[in-house]
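You will see two complexes here that share chain A, one where it goes with chain B and one where it goes with chain C.
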Partner chain A sequence: MTEISTPVRPQSGAVSYILRRSPVAALLVALFLIAALLGPWLAPHSMTDTNLGHALQPPNATYWLGTDALGRDVLSRLLGSAGIAAQAFLIVVLTGGVLGTLFGLVAGGIGGLTDLVLSRVIEILQGFPTVLVAIVIVALLSPSLTNAMIAVGLAAVPDFARVARGVAIQLREREFIQAARGLGMSEMRILASEVLPNMVGPLIIIASFDGAQAIMWEAALSFLGLGVQPPYPSFGSMLREAQNFLAIQPSLAITVGLTVSAIILGLNLLGDGLSDYYDRSDK
Partner chain B sequence: MSGTPLVRVAALRKYFAVKGGWLGGRRGQVHAVDDVSFDVASGETLGLVGESGCGKSTLARCIVRLVEPDQGKLEFDGEDITHRPTRSLRPLRRQIQLIFQDPFASLNPRKRISQILGAALDLRDASVSRGDRQAEIARLLERVGLAPQFMDRRPRELSGGQRQRVGIARALAVGPRLIVADEPVSALDVSVQADILNLLKDLQAELGLTVIFISHDLGVIRHVSDRVGVMYLGRLVELAPADQFYAAPLHPYSEALLSAIPMPDPDAHLTRKEIVLEGDIPSPLAPPKGCRFHTRCPYAQALCAGSEPKLSTQAGGRLVACHFPLAKQESTGR
Partner chain C sequence: MTKPTKTGLAGAAVMNRAQFLKLLGGSAFAAMAGSFGLTTAALAEGGDLVVGISSDIKTLDPQMSPLDVFRHTIRSTVFEALVFINPETLSADPMLADSWQKSDDGLTWTFNLKSGVTWHNGSPFTAADVVYSITRVQDAKVGSPFAPQLTAISKAEAKDDKTVVLTLAHTVPGLLANLAVIQIVNEASIGTITTAPVGTGPFKFANWAPGDRIRVEKYDGHRDPPKVAAIEWRIVPDSQARLAGLQDGSLQMVALVEGKDVIQAQSSAGIEVIQTKPYVLYENFNINTKRAPFDDKRVRQALAFAFDRAAYTKSIWFGFARPTINPVPPEMATYLPGSAEQYPFDLDKAAALLAEAGFSKDRPLTMEILTPTGFDSLKSMALVLQDNLNRIGHKVTVRELEITVWIDRILTKPDYDLTTNNYNTGPEDPASMFNSPNLAPTANVSLWNPPGYADLVGKAAAEIKPEKQVELYQELQKLLLEEMPQITIDHLPLFFLGSEATKSLVIGPSGIDDYKKIAL
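Our next item is the complex of A and B:
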């Protein structure tokens, strides 16, 4: 017999857990958010105006992080790139998250034949090189960030679907679901109002990992010239431009590289921290 | 207690297929509920008792139709609901409510108490305004002995007893006639068990509820029941009015269960012998042939292993399934 009559100590929220346990993740993600949301207002200079007279300057009082080959302020362009990265994040997480959660929730929550069919679809989607195929199509038709990121988002559908399905299956026989059923709630309403709120945590974890992936894909595609088009900045296009001047001004490539790495690291650490948090609070 | 019973269970059966082996083939069937029959009159409290795994919860879930019986018949208020499909079952669900054993698992951890009770109230009548809804939630909480402030709490901030009160309030919210309480106090501290039992008793009297009260503890059953049914390995082996049952059980298994409950009278053990059952409960995958209790029964005879006794009426209208029911006068002397 379990002893459960003593009130359980209220758990600390996810945010305060992350602040305490992974302050680095919290700091990096916070900086990324600030840069992405407030970039245009924080940028000390124009992101696109060229000034050849000031090209390839090292960091100095006017240009804190120096300038690129066309004399544009690196800090301002990094802030702009963060905004693009955030867009990539959002598109991927929304596409993958909404579709994947819907698939997984219905498959796991209803079970039976529905689950069998949806699970096969998810498996096929997972085995399919969605991103590569999509990139080819995007490259042929029209290079655009949105299209490319929707493709990456589709590739993320199986991740979200697997997690949502797992949670739904786990919850299906739980007593509070049975209680809802016993009250006469419809199965769809049970899924939406009883099951869904219980998978928010695990889904956020997937979102932070797949979102980090999204930022990497965006950088890679823009590096190849398939994403954001010049003169607008993005981490990928900045890296490509910096590559040509590695010998003359290596700090340029290093700055950009470090920034992307820091953002991806921050998101991955956040995902790890949240997994720990939910592992503990589910006990 | 006359007229049609509110609940009629007739030869009800529920087996679970057990998959096993690395090919996932069928290994056998758990005989969870096997040919169980009884009636429950309106306003009555029937206590069901039995050891862990004897099929109490399965029977409870069949009666509230969270599980569909394999065979037999289940009637509620004269209507056959044995195989009624989920959709047309919904209006009926309001009349039949289950109270769960584990009050932690039975409340959605992500919801506030007001949301939990509000959702239940909405199922009865969705047209109520927000203000009235709040008032109704407060009234429900008060009815189960909780202050209105509990509305804004989440389940994890409540003690087990408080959570079970919320579980009861949720069941009451839809205005049921029948409550099936599946071990509603087993998970609670002994100190709060009596409070919850009294609450259930008060509500039963106040609202004229019919209650099926399940427990593995005859001491708990005694507090609440008008009649007592004893289950063993999926079978109902005895059914009797509570006073007669506690005074003189007819089935050897009932006697053994009764001998194990602590008596309020400290000298009682002098006149009463504790019967310790030998051996474990046999597997419900393969219940013993003949009388299912014969492997542990102190009174077993040759006949018992070969032929299974049917539940049959004894003198005084009591029901027992035993070839050699304990005679009334003997039950304390043996």
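Our next item is the complex of A and C:
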């Protein structure tokens, strides 16, 4: 036992792989990140200021994507919505990711009765209907982005947990783990320092898919008035407002709809690309 | 797809709509209607008038529904009052009463009832039912919101089966207008009025699936039977889905629509716009005057200055509404001249008044505006006021509530700062506005009843001499505009949309409509 064999970690950078294999994903996600991070600085107008005199304008030189029924600039509101969507992404991935990984890691790594109990808890969580849980949480507390997204984050826990558990079970009997055990490391330390780093790849893939889901849920809940509260913009509330003017100003609904679709498409393509990347480097 | 235009809202609407329909071939409408549970099966039912409404009703009891916008559904069809206010003449036509006389001193009114009228359960309608209905509304234990309409009546008695005599404590010029909103109910079945109401109206109650639909069916025993077999109101909260329902024929009519719906309907063939006189309704903010800091009139006046009514009516109502700060429309003889233009939009003035009351950027006014779901224009109103106040440094939130929850929060157990609202102006009688839940001294949403107000309302309602009456009502308007318990925004007509056949709907000014003439 001279050398501890570690599984092949990705060697060439994931970023360059994605740039090469799915430039569309890279472009869409980059645009989304720029909008989310720099939105407030990029916005040509205020996101919340109403201007009834300029209501429902079609795209023009002053308002590049037109204005909504209260005369607010659509482009600025879209940029604001991207920021909100990014927050939704983060809250869901952090809640789901941290809890799910912890559950899965402990369940898969330790096995036995712990696994049995934790797996049942995860299955119960998986059985909850996401929207219903979100609506109940929002009704009990109050409608806000954080409350709505924590509910969605809880629904994402099983996804992360299943992947983490699977990887942990696979790795449990591998040589490098046995070696660590032989060196006297505690089980918890093995999980944290040996098993966890090896599941980052699969977890990132789940994060990109569940994050995209989070953005959709955020839009859906805000569409129902349960997410972001006015005057702050959100894709969902913008779509709902646009729907009232579908025949008067269809460009409103089309712009918002296309933006959401582009972001979701970008994140899903990114997830696919990452999945290819890790599959390839595992072989 | 769209050309940049500066102001051409209407032009853009027509052009975009045409393009839009060409693009989608109308299929989007049908698909949307399908997804909202509307089916074209309604047409096959034969002779059913299917009407889209945006929200549910609170109760089936016609004497208990204070703020339900859609209370007119049951009140207009299942029940009848003694008289009906003709929307053209604004005077009383016979309904359950055939004729009436008043004594020379104006204190005794005799009503001769129609003969041959029966209740839906078969029993004959008599004078005792009228007496019962009036005393029920007056009964403090019942707590009817219509009680203020009948304060002048000191005694109601049945002289014989077909004659009712009302004795008044003082003269009331608007007695007939008051009686027009008091629906006559059946004493024998009063226990089941909230589940199976029995009336004398042209339609009998069939069923109410809360949140879904209300159905009434033709009553064959009516003296002037309706031409449709049934009316079914479907609750479709989404305005676009309601329009889609009209387009694909699953709805024959949509009740109480907004400017954006009228604009869209005007550019589509086969949809008629049915409307009342342009001052039958007003939109407003009610302020909870019992809660600090809204008990300070400077705060309320500041809020009145913080809203651009002209821009709101032009863009949100596409010019179909008329801006005003005074709920009394200029068409009424009692209107205070020049008052509609008071409190022009002035954020500096609003900020200054709020500063006087102790609120500034450093110590912002924090408040919540409630608005009922299904009323897009009211929500826009809330959002505009929110934005204007936030811009001068205050912290305003807007909360949308289901209509039944909303009624609880603003009326049943008042717990609110500000709410959007709308009311009938009651153009047939100057007293009407001051006798209903919008401004009645004994019970109004703003919880506003300053010293002397009740006396003034009572005096004005009892005044027979026209000049003196005008003077008293103008005094009331001055008080209202100074105290600002509610911020009036605009006057507007009631709008219905429907097929050609539904044009014979008669929309009454006080929320009692006549569906009998509609033939499909």
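In this text, the second predicted complex is superposed on the first by the 266 of 283 C-alpha atoms of A that agree within 3 Å, B and C clash if a C-alpha of one lies under 4 Å from a C-alpha of the other, contacts with A are read in each partner's own complex, and residues count from 1 in each chain.
Going forward, a residue touches a chain if its C-beta (ideal position, glycine included) is under 8 Å from a C-beta of that chain, and two chains touch if they have at least 3 such contacts.
All values derive from a computational prediction rather than experimental measurement.
Using the contact criterion defined above for the overlaid structures, shared-chain residue A:Thr48 touches chain C, although it does not reach chain B. Using the contact criterion defined above for the overlaid structures, shared-chain residue A:Gln126 touches neither chain B nor chain C, since it reaches no partner.
Once the two complexes are laid over each other on the shared chain, residue contacts for A:Ser275 go to neither chain B nor chain C. In the superposition on chain A, no contact is made by A:Asn147 with either chain B or chain C. Touch criterion met: A:Arg174 reaches chain B, while chain C stays clear of it. In the superposition on chain A, A:Gly182 makes contact with chain B only, while chain C stays out of contact range.
Once chain A of one complex is fitted onto chain A of the other, the partner contacts of A:Asn60 are limited to chain C, with no touch recorded for chain B. After overlaying the two complexes on the shared chain, residue contacts for A:Ser193 are found with chain B alone; chain C is out of touch.
Within chain A, not a single residue is touched by chain B in the first complex and by chain C in the second.
Those residues of chain A that touch chain C in the complex are listed here as 48-50, 52-53, 55-61, 66, 69-71, 143, 225, 229-231, 243-251. In the complex of the two chains, the chain A residues touching chain B come out as 1-8, 10-11, 174-176, 178-187, 193-194, 197-198, 200.
Chain B contributes residues 61, 64, 66, 86, 89-91, 93-94, 96-98, 100, 102-111, 119-120, 123, 156-162, 167, 170, 173-174, 186-189, 191-192 to its touches with chain A in the complex. Contacts from chain C toward chain A in the complex involve residues 1-5, 9, 12-13, 16-17, 19-21, 238-240, 243, 260, 263-264, 267, 308, 311-312, 314-316, 373, 376, 380, 383-384, 386-388, 390-391, 397-400.
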